[in-house]
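Several structures are given next for inspection.
Two complexes are shown next, each including chain A; its partner changes from chain B in the first to chain C in the second.
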Partner chain A sequence: MAIKLDVRGLSVHYGTLRALDHVNLTIPTGSATALIGPTGAGKSSLLRALCRMNELWEGVTTLGQVLLDDENIYSRHIDVSHIRRRVSLIPRRPVPFPLSVFDNIAYGPRIHGVKGRTELANIIKKSLEKVGLWKELKDRLEQRAIDLSPGQKQRLCVARALAVEPEALLIDDLASGLDSAATARMEDVLLNLKGDYTIVFATHTMQQAGRVSDHVAYLSEGALIEHGDTADVFSRPKDHRTEDYITGRFS
Partner chain B sequence: MIGRLCSGGRNERIAFSILGCVTVISLLPFVGIMLYLLSCGWRPLGERCVSPILIGIESHLLMSLLATVYVMVGSLLIAVLLGIGVGIYLSEYACNNLLGKRGATVLNNLANIPPVLYGLFGWAVLAKGNKGTSWSVILLTLAVWMLPNMASVTLRALNEIPPAFRRESQALGATRWQTSLYAVLRFAKGRIISDFFKASARLIGETAPLLVLIGVEPWGDLSGSTPLAYRVYVLLVGHMRRNQTIPYGAALLLLVVALCLQLIGLLIEPAQQEDIDYLGN
Partner chain C sequence: MTSFELDSKCGRDTAVVERNVERFLFLSTFLTAVVAVAFLGLFFKEAFVPFLFVGSLNALFKLYMLPWIFAWLAISFKALIIAFPFALFSALYISEIAPERLSKVFRFLFRLFEATPTVIVAGIGVALVAVRGRVGAGPTLAGVIAVLLAVSVYPALVCYLLDRFTVVPKSFKMASYALGASRWQTIKSTILPLVSPGAAAAALMGFRRILGEIIVALVVIQTADSRFLQEGISQMVPLSMVFGSESAVSGTILYHDVFILGFLMLLLSYLLNHFAQRLIRAQGGE
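And then the complex of A and B:
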């Protein structure tokens, strides 16, 4: 199986605080990988490091390599904007711009040079269809995006990311602030996108990781404790810390 | 228990009533000044500004108003363009270095230096100590004085844009420049324009001490175009002892212009501001 992202000896520090400690992890192309672990385990830091978004935080130091299709994204000659276009991050609390639904999704394509209204309309239709929002919003494209429900906002932000045609999607805390119905719809979206995109998402819900992911990586205190097929890790964890976490003895 | 609650409620009502009275009392001087200027200034303003316009003859007050607009627009043009640049640089590019972190404080300090010191700078450096300075020296001095104010206004407006906007934009592959332009300046521009008008309303009245130093000669006789604030000053110094009413007209006109600028600033308050505040929380 082809590897989309290959993390090698990745360490991230915020000032003197160690967020990730020498993490090694491979993420296969077209798969969904769930990052699980308690709060402060380093899930968000790992996601941000996979697209160099961590550099936007003050005092961050990153050591090690992240290979995207065998190219180290931390090389000096790399165009960071290009990397972020290829590997798109949807943060824990997605923030739509105070614009219409149309302009929100058109933001990325316009930045990358798409100007024609018809071309933009096609991109928007395709992106909304992929996240299951087209039927709900096709007649409300000029509506303010911030008036949407939290679940719709999250899917809109995924659609906005898809509009720039990334190869990988990184989603920080899949169910953050969503009710069970909105979470289920979001899971459906990811199951549909899996295969076309490489997906890495952080979650606190074991059932969700079980339903959506092909692979699971358990992090604790900045270290990768265990990584493998979801079924294997959940049924036969190799490390007792993983077992404690997924069985709820420790959270 | 209920008695204590009632007592607490009564005490609260008394406390807020006192605070309400204090608020009204603190507004009284402003209302007093407005009414006094209105009562003393409306007649000279009508005689020396409105009537000449109606019958088509030259009005010194109108010329002063035009001169005010001229110097404000000229100097604001320079100050605004440079101020926006400084604000963007400090907010978006230098935010992690010492200059960026101390930028707001430095700008506030510069903006709070009394205008008379900028006038001294204009007279000593730009006019090389000569009286009878040119319009370009006056414009440049005013621009130098306004620059920290305008940069400060820009910086404040840009800092109101939630950091999440920047991150969302960069996560979509936008460069820092594109992010500054389309995800920051785009949403901050309404606030910047609105605040520029409000700042101009304040600055327009503070030009007099600066012009006293650098602009005495060209407008010394007050026959030509003299900015309003300076005209008020000269009229006060030269005419008040003779109990003339012209300064009241000039002062009233200055107040009306300043209030109009404030009103424009309030009217063009960005419609998106509530959304931005909501998203920022």
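And then the complex of A and C:
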């Protein structure tokens, strides 16, 4: 299977605080990988490092390599904006811009040069269809996005990311602040997108990781403890720390 | 005495202290409000009560004060036009582009400069006018005053604008970067549209502040050579003479005129402040 993202010896420091310590991880193309681990394990730092969003924090030092289709995204000649377009991060809290639904999704295409209203309308329709929002919102495209429900906002943010045609989606905390119905819809969206996009998501819910992901990576205190097929890791964990976390003996 | 009784006594003591603190805070607030209302009342009384009996506004007011007000508004507006773009660029750089350490240094310096006393600016103006008097050439007096006021209000404008930039949630910027936007695209498409109502509010607050820097104009005009008093500034001369010649003694018509002027400026300041606060609310900052 082709590798989309290959993390080699990645370390991230915020000042003197070590967030990631020499992480090695491969993420296959078109797969869904769940990052699991307790709070402060380094899941969000890893997601941000995969698209160079960590550089927006003051005092961050990143060492090691992240290869996107065999090209190191930390090379000097790399266009960071282009990387972030190819590998799109959806933050923990869904943050629609204070604009209409239409303008929220059109934001990305517009900054990348798409200007025609018809072309934008097509992109918006496709993006909303992929996240199952088209039927709900097709008559409310001019409505303010911040008035949507939390679940709709989350899916809108995924649609907004899809509108710039990324190759990989990074989702920080899939079910943050969502009720069970909204979480289920969000999981359905990811299951539909899997295959067309490489997905990496952070979650605290083992059942969710089991339902959605093909691979699981368990992080603790900035170190990657174990990584493998979801079924294997959940049924036969190699490291006792992974087993403790999965079985709830440690959280 | 049991521990319960001790706790109970301690609780009563705390309640008494808290009540006294609340009373003190209420009294302080009440006194401040009384002083503010008395201040406004004094201005109103000294400005308008005599004219309730006269029946119409004083001719001297029309002769001296109205031209003065228009000239002062025009010069203040020029000062704002000069200062605002520079302040906006500075605030944008400090807030969005400068490295964090440099940003902190600039923020500190601008907060410091914001406190520069008006008399210092007036002193610089006097020195400039003196030089102009010697060489007999250079910018107009109105221009000198506008630039001085612009320099004087610039740090305050930067501080007002920085406050407005600060309330733009970082999450919006992150969302923009995550979609592949560059820094300038993020500034243009996300930050500036979100800041614009707040920036307009900052402009109004800056204008209000310039209007309050009246002393700069008065000092500079009084020092200026009469040869330079014709260009857009001559309307302001009579009032400066009123202050300078001590002709506005208590009870005279000029004395009341000064209070009318003060009252109108106060009213204008309140209006500007009110609209600025509405714009700030529109930005969602407060």
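In this text, the second predicted complex is superposed on the first by the 251 of 251 C-alpha atoms of A that agree within 3 Å, B and C clash if a C-alpha of one lies under 4 Å from a C-alpha of the other, contacts with A are read in each partner's own complex, and residues count from 1 in each chain.
Everything below uses one rule, namely that a residue touches a chain if its C-beta (ideal position, glycine included) is under 8 Å from a C-beta of that chain, and two chains touch if they have at least 3 such contacts.
In this text the structure is predicted, and so the values were computed from the model without any measurement.
Following the overlay on chain A, a clash is recorded for the pair chain B and chain C.
In the superposition on chain A, A:Arg85 makes contact with both chain B and chain C. Looking at the shared chain after the overlay, A:Ala181 reaches neither chain B nor chain C.
By the touch criterion defined above, A:Ile146 lies against chain B but remains apart from chain C after alignment on the C-alpha atoms of chain A.
By the document's definition of touching, both partners, chain B and chain C, reach A:Ile111. In the overlay built on the shared chain, the residue A:Met1 is in contact with neither chain B nor chain C.
In the superposition on chain A, contact of A:Val95 is made with both chain B and chain C.
In the superposition on chain A, the residues of chain A touched by chain B in one structure and by chain C in the other are 51, 53, 56, 58, 81-82, 84-86, 88-91, 93, 95, 97-98, 107-108, 110-112, 157, 160-161, 164. The touching residues of chain A, counted against chain C in their complex, run 51, 53, 56, 58-59, 81-82, 84-86, 88-91, 93, 95, 97-98, 107-108, 110-112, 157, 160-161, 164. Interface of chain C with chain A (complex): residues 99-100, 169, 171-182, 185, 189-190, 194, 284. Of all the residues in chain B, the ones that touch chain A in their complex are 96, 162, 164-175, 178, 182-183, 187, 272, 275-276, 278-279. On the side of chain A, the complex with chain B involves touching residues 51, 53, 56, 58, 81-82, 84-86, 88-91, 93-98, 107-108, 110-112, 144, 146, 157, 160-161, 164.
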